[in-house]
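Mind looking over this structure? Questions follow.
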Amino acid sequence: MNKIFTSAEVAHHNKENSCWVVLYGKVYDVTHFLSSHPGGAQAILRVSGRDATDDFDPIHPPETMDSIQSARIGSLSLDEKSPCATQTKDTSDEIDVSTLLNLDEIEKAATNVISKRAWAYYYSAADDKITKDFNTQVYRSLLLRPRVFVDCRKCDVETELLGWKVGLPIYVSPTAMARLGHPRGEAGIAEACGALGALQIIANNSSLSPEQVVAKALPTQVFGWQLYVQLDRRASEAMLARVNRLDEIKFVILTLDAPVSGKREDDERINVKSHPAGSVSAQLFAGTDPSLTWNETLEWLSRHTKKPIIFKGLQTHEDVAIAARYTPLVQAVILSNHGGRSLDTAPPAVHTLLEVRKFCPHVFKKMEVWVDGGIRRGTDVVKALCLGAKAVGIGRPALWGLGAGGVKGVERTLQILLDETKTCMRLLGATTVHDLGPHYVTDALFPFPYTY
Amino acid sequence: MNKIFTSAEVAHHNKENSCWVVLYGKVYDVTHFLSSHPGGAQAILRVSGRDATDDFDPIHPPETMDSIQSARIGSLSLDEKSPCATQTKDTSDEIDVSTLLNLDEIEKAATNVISKRAWAYYYSAADDKITKDFNTQVYRSLLLRPRVFVDCRKCDVETELLGWKVGLPIYVSPTAMARLGHPRGEAGIAEACGALGALQIIANNSSLSPEQVVAKALPTQVFGWQLYVQLDRRASEAMLARVNRLDEIKFVILTLDAPVSGKREDDERINVKSHPAGSVSAQLFAGTDPSLTWNETLEWLSRHTKKPIIFKGLQTHEDVAIAARYTPLVQAVILSNHGGRSLDTAPPAVHTLLEVRKFCPHVFKKMEVWVDGGIRRGTDVVKALCLGAKAVGIGRPALWGLGAGGVKGVERTLQILLDETKTCMRLLGATTVHDLGPHYVTDALFPFPYTY
Amino acid sequence: MNKIFTSAEVAHHNKENSCWVVLYGKVYDVTHFLSSHPGGAQAILRVSGRDATDDFDPIHPPETMDSIQSARIGSLSLDEKSPCATQTKDTSDEIDVSTLLNLDEIEKAATNVISKRAWAYYYSAADDKITKDFNTQVYRSLLLRPRVFVDCRKCDVETELLGWKVGLPIYVSPTAMARLGHPRGEAGIAEACGALGALQIIANNSSLSPEQVVAKALPTQVFGWQLYVQLDRRASEAMLARVNRLDEIKFVILTLDAPVSGKREDDERINVKSHPAGSVSAQLFAGTDPSLTWNETLEWLSRHTKKPIIFKGLQTHEDVAIAARYTPLVQAVILSNHGGRSLDTAPPAVHTLLEVRKFCPHVFKKMEVWVDGGIRRGTDVVKALCLGAKAVGIGRPALWGLGAGGVKGVERTLQILLDETKTCMRLLGATTVHDLGPHYVTDALFPFPYTY
Amino acid sequence: MNKIFTSAEVAHHNKENSCWVVLYGKVYDVTHFLSSHPGGAQAILRVSGRDATDDFDPIHPPETMDSIQSARIGSLSLDEKSPCATQTKDTSDEIDVSTLLNLDEIEKAATNVISKRAWAYYYSAADDKITKDFNTQVYRSLLLRPRVFVDCRKCDVETELLGWKVGLPIYVSPTAMARLGHPRGEAGIAEACGALGALQIIANNSSLSPEQVVAKALPTQVFGWQLYVQLDRRASEAMLARVNRLDEIKFVILTLDAPVSGKREDDERINVKSHPAGSVSAQLFAGTDPSLTWNETLEWLSRHTKKPIIFKGLQTHEDVAIAARYTPLVQAVILSNHGGRSLDTAPPAVHTLLEVRKFCPHVFKKMEVWVDGGIRRGTDVVKALCLGAKAVGIGRPALWGLGAGGVKGVERTLQILLDETKTCMRLLGATTVHDLGPHYVTDALFPFPYTY
């Protein structure tokens, strides 16, 4: 079992009929795993016959190692082990995040220090990034209507999400692969969320297991867990069973806006050169089930968890109205276009919010409506809340924060957004998030308040 | 008959009263052809007195040589023959088209390798290229409305065009002079279309004869043939007679948006320097009949072909409504502004489509409506189909694909567009092209679905 | 009377109490002219005590010399006469205007060869040049609606302006100071207009006298003369008397949009450096009467000329409607914002045209409506005609043409615009300018035809 | 009391428990002032233990020295006194302001010569400066409608503000810290305002005392004084008592759009580097009372001054309508978003003006409505007046003028704007500011006059 192999020996086993990889200094014969790998056989084959630790580590939770111990056939010759490069470099000491004044500066700082591959995965969006850009621009086309003579000594941004108290109406959206950008990964984001009282949604494709992410959570801390239903339903059921046991996780968020992967060219471009078999996105989506339907999926899901369910990725008033019929099983929807990573030229969440206000406003009374996508300023947060959102999510900004400064970087990101939100509310004349409403919003082209 | 001439001797014959050219090593006295040359006498005179093969070859089908054999008067001295530069350079080995991720990258790659003259002819559009640019931009101002919980395992893009089954709702528009960009020319496009099941419309000014283009077609392959009615009607009648004999050609497409040539300055600019007598466009249009009228033309055309007729280049709802009165003789219209090459500031086909939806929606029940112009993404294809188009055409993208990589380049172009179309439909929640409708489309300024 | 002076002697006389200038080698004591100079005393003082020929020549018609002969006091010492630099350089041989494809290229070419001072005077417009730019951009936001199946062999652009036949519906607007750009000045423009059959309006501040401009006119050639009413009414009356005697001049155009000069910073900037006392514009406007009113002015003017009167510079439907009450004395109005040189953010003529269409369409039946400003393409010409203009004027383009290539440059400018207009009409399916109407026009934002 | 200290001795006292500073060569123990410093203890601590004169001088009125004389403990050793760098450099000789043609050029000139810190404080605005930029852009999207045949020899821009005659409808808005940009500070602005007859509003945070600012005022000169109500109400009451004694000050302007400071990143960025404890803005706002409400504040204020009260910073028609109920105590409102320095994406004053016109036009009859923000051209002034403003304020332009050329620079700024305003009115056909109305305004997108 602990036979010693040379690199040359390992190198011969790079085919479908005999496929070896070196992970953390050990040699594994993974030939039999090829057919069941969620990311597809090609993803393994292209790193076979050599040390795959750098490719494997940042995108797999550690427990994946457990499932392949039976395949271990020996160790690599000590003389040949590569220097321990298996950790993403921690760059958080290089940057004093307190000097970064806004989320754009944090993104720039992170871009400078994280790997090109991490940047490409985080930055990428579908096709021409029209939706990604519009997500942010649409907030700039909305104007705020500040009222005067309001006592703004107090500014209360605390709120409750499905009954759970949070310190601010801003949460961290589920984003995969946090360890690509920083070794602390999703656990680092969790620590920062704890410090500010923010909800965090753990991604289905988190690079740490949910248990690891919540391990050091504060007692008051609130988590959600994102589900991509897998083709192998048993795998999803097993994950749900684990999630059900974690009290820190209060909701299950079912992602619906990405039955297949969007075309993320920045990500593909990086991979075309260095990883010829496919992009990170392609691997992540290889095992996702594209066949979900309303009744079947919800029936199945409600059998496997008793936690409240949230639908993420609704983009039309029609679907929001349908979702509202499924209360109380479904208690919230997240209007989202997946950060522009799914369908390019999909509408920004703000447009969907306006549709809902116009065509099915009763929804706001039946369930909570959250939004994400494009939030970069406190004014963006406030506008979304004014138009009916109960909370707003940030995805990339948390990853840029993590990349730029680890836990402190994520804290800085959340703190900036929180401070800006409070400043905005004070200047607007709103003392609690519950005061916010559409009368505070107008737009740049038609200078009158939204009345629907 | 096989007298040997030196270059110096030939050089004296560059006037109207004695005009010689060297073609493929032979010397021709074409003085008597000057008056009947469809591209005008000047086009010949400016290459007279020298080897004109490079100018002649890529823009004439080979049969043109047959018609001038009687003018052959000898051969050029072997010592002086130019190195065999008569073929457009095949650059398809230089570029690995599989690394090109989208149609813009293919255009850039082609731009780098094809001749400046080919680039200028393909790239050029009328005046300030406002319509050319708007053709593409208008699609970016339309947003899509993705539905969730739709089983998207299957995605069926097959459709029928006038009853003929095609593999995808994307066809290749008629574009002249494909051999300027690649020696395989229109036949190369045909091979790629065969591989994907795409309809190809052969241009009136194709640089290969229709017989050559369809020569190696697959049994299932579908072609159309584009007609520019010539001043010399007998020439058009002769061509129609040939086309009628080709079973692979299923329709005759009559181009109506270019009774005269638009002002294509990139093309003119190139020619002002290297070909002082006129642009490629000017030559091509020299013989076109600008006097067509509804009844006369259709009566004449229906006498010379029994194939279904398609009108191409309609740009107003008024003309579309008139065309619909000519069913079943006319079975489809193509909304087109000639890729912005004809009248600058003409409306994009999408606007015409919206006009038709509003003012004469009954047309959609009487005939098929196809559109072209500006399509660069699968989302563009889907938007056009949603708004009522039965199929969408691509012109320049096929030429850029051909220039960048020959047959493989065209295949790559079509495959990218097909993949993007399918991804878009899946993310939109539409499983067949017949599901697509206006409820999937809204626009960026007014965030509500199109209801007319 | 022909005393010889040295430069040093002349140099002492540069004050208000003794002011000498050298013109064409002669010395003049112009002290007594200071108070009556239309351009103000400062304009003379700043060139006093030296050779002022270069400053004087290009902006004064030759007859100005007559009026100061009494002030001649001698000649400059022959040894000191400057080399004969009194003529604006003729650069028309440097540029082959036939290689310039559009009006923008002609402007660029002229910019390269004319003096900085001429460029600044021609190029300048009010304030931030918002109106100047919008004049052109507004045409780009209008789309054309081409009809098919129209026999376009014939394309008749001839028209009649107030009953006078012209070869094309494009005229040359009155622009001052043509000799700044080319020694042929307004007479060069006249020669080019003759060649194409275009109407020319001679500016009040023409750098040649009206008699000189029309001297070599063809029998069929049509001119107008522009009047800025002077504070010194007798001066205007004298000019009208001369104009009345010129049969070539068919109308008198009264400019109304510039009672005072707009703030033309490019022009001022040049002059701040090289001519500290004021801009060319400031000099030209120094004598203009800002007190005109409807009844008084028209009564006065009708006493001094029997030629038809045209009001130029109307920018609101209200004023157009008022003007229409003065028919038949006033037979046409020109919608114009003075090329953006007067009031910045004034509306483009196209907007005024739309106002008139909406609020007082009866005007079109009572009088002719002409427009100018921003025309750079044949499509612009056609759009203006479609919306109701009887003719369109070009100002700067004629000057750029003159600067770039003298008579040939102006001919090239007119020919390009004429060719583009014909191409546009053919592609639109209109065979005469009388066929043009609003149904051919729509706009880029709202894709439906103008119906009012 | 006049003990001599060395720098080294002073340097030890830089903590909260012993805090010394050197000011104008004297040593002060300000330990006991830390807790009551309006700008916060940190602002002192970070300059403690050293010569703080350069930091102190330009942002405190001289009387601040009086209040700390009791803390004086001695003098700095003469050998060590820094060269007298306590004055902001006077750069007004370096620039010939008469060569600057518009307000943008004046800003550029000032940017080149004033300190980076002054630039950052003046230039900065909230967040992404969207409102700051839009303030200016919104005027460019409004078009003017010039009338013809109006006698414009006279152009009367004099007006009355709350019954006080002023020479022009343009006033200087309250802007803090004028001595950062020029040693003459607010007194320099006062001198320039006197020369042109312009109203000046003295900022609460003026770097000179109100007595100093008005000291050399002309008899006809009109001032207002801006109040930020302080947490320490007695401080505000004391200031009001002083202001009440100054007859030159006619009104008290209560600022309402900045209960807390906006996020001015340019200002913060400078300070992050050179002044780690906070931005200029943060210091200024540290003592401001964010708890004001309509009745309480007005009741308090009316007890402490009998001068007319003006509310500044209203941004909604709702608040304007409420304010109108408080007449005659409140006699005017200023529509303002604080130059974009408060809440980013707040609406421009022009939008609020349009709201008021639509929803509560009776307000214009009950009180005066002034506006500020973004005015850079005379056409902007005229547009605001046309839409209902009685006067328009300029803030930054006065500071740029002061920085670029001291008193002459401010005069030049006002003169340019005045000249442009007159030119605009003449070209528009309005002879007095009372003639101006909404019929002179339209916009660039919808070419019809504003009728509401």
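Just so it is clear, A, B, C and D label the chains in written order, and each chain counts residues from 1 on its own.
One rule holds for everything that comes next: a residue touches a chain if its C-beta (ideal position, glycine included) is under 8 Å from a C-beta of that chain, and two chains touch if they have at least 3 such contacts.
Quick caveat, the model's predicted, so the values are computed rather than measured.
Common neighbours of chain A and chain B under the contact rule above are absent. Superposing chain B on chain C by their CA atoms means rotating through 90 degrees, a value rounded to the nearest 5. Residue numbering at the chain C/chain D interface overlaps only partly, since under half of the positions present are found in both copies. Centroids of chain A and chain D (each the mean of its C-alpha atoms) stand 45 Å apart. Centre to centre, using the average C-alpha position, chain B and chain D are separated by 64 Å.
Residues of chain A found to touch two or more other chains are absent.
The complete set of chain-chain contacts reads A-B, A-D, B-C, C-D.
Across the interface of their complex, chain B is touched by residues 127-128, 130, 134, 256-263, 265, 268-269, 272, 290-294, 297, 311, 313-316, 318-319, 337, 342-347, 351, 354-355, 358 of chain A.
Against chain D, the residues of chain A that register as touching in their complex are 99, 101-102, 139-140, 142-153, 377, 379, 383, 419-420, 423-424, 426-428, 442, 444, 447-448.
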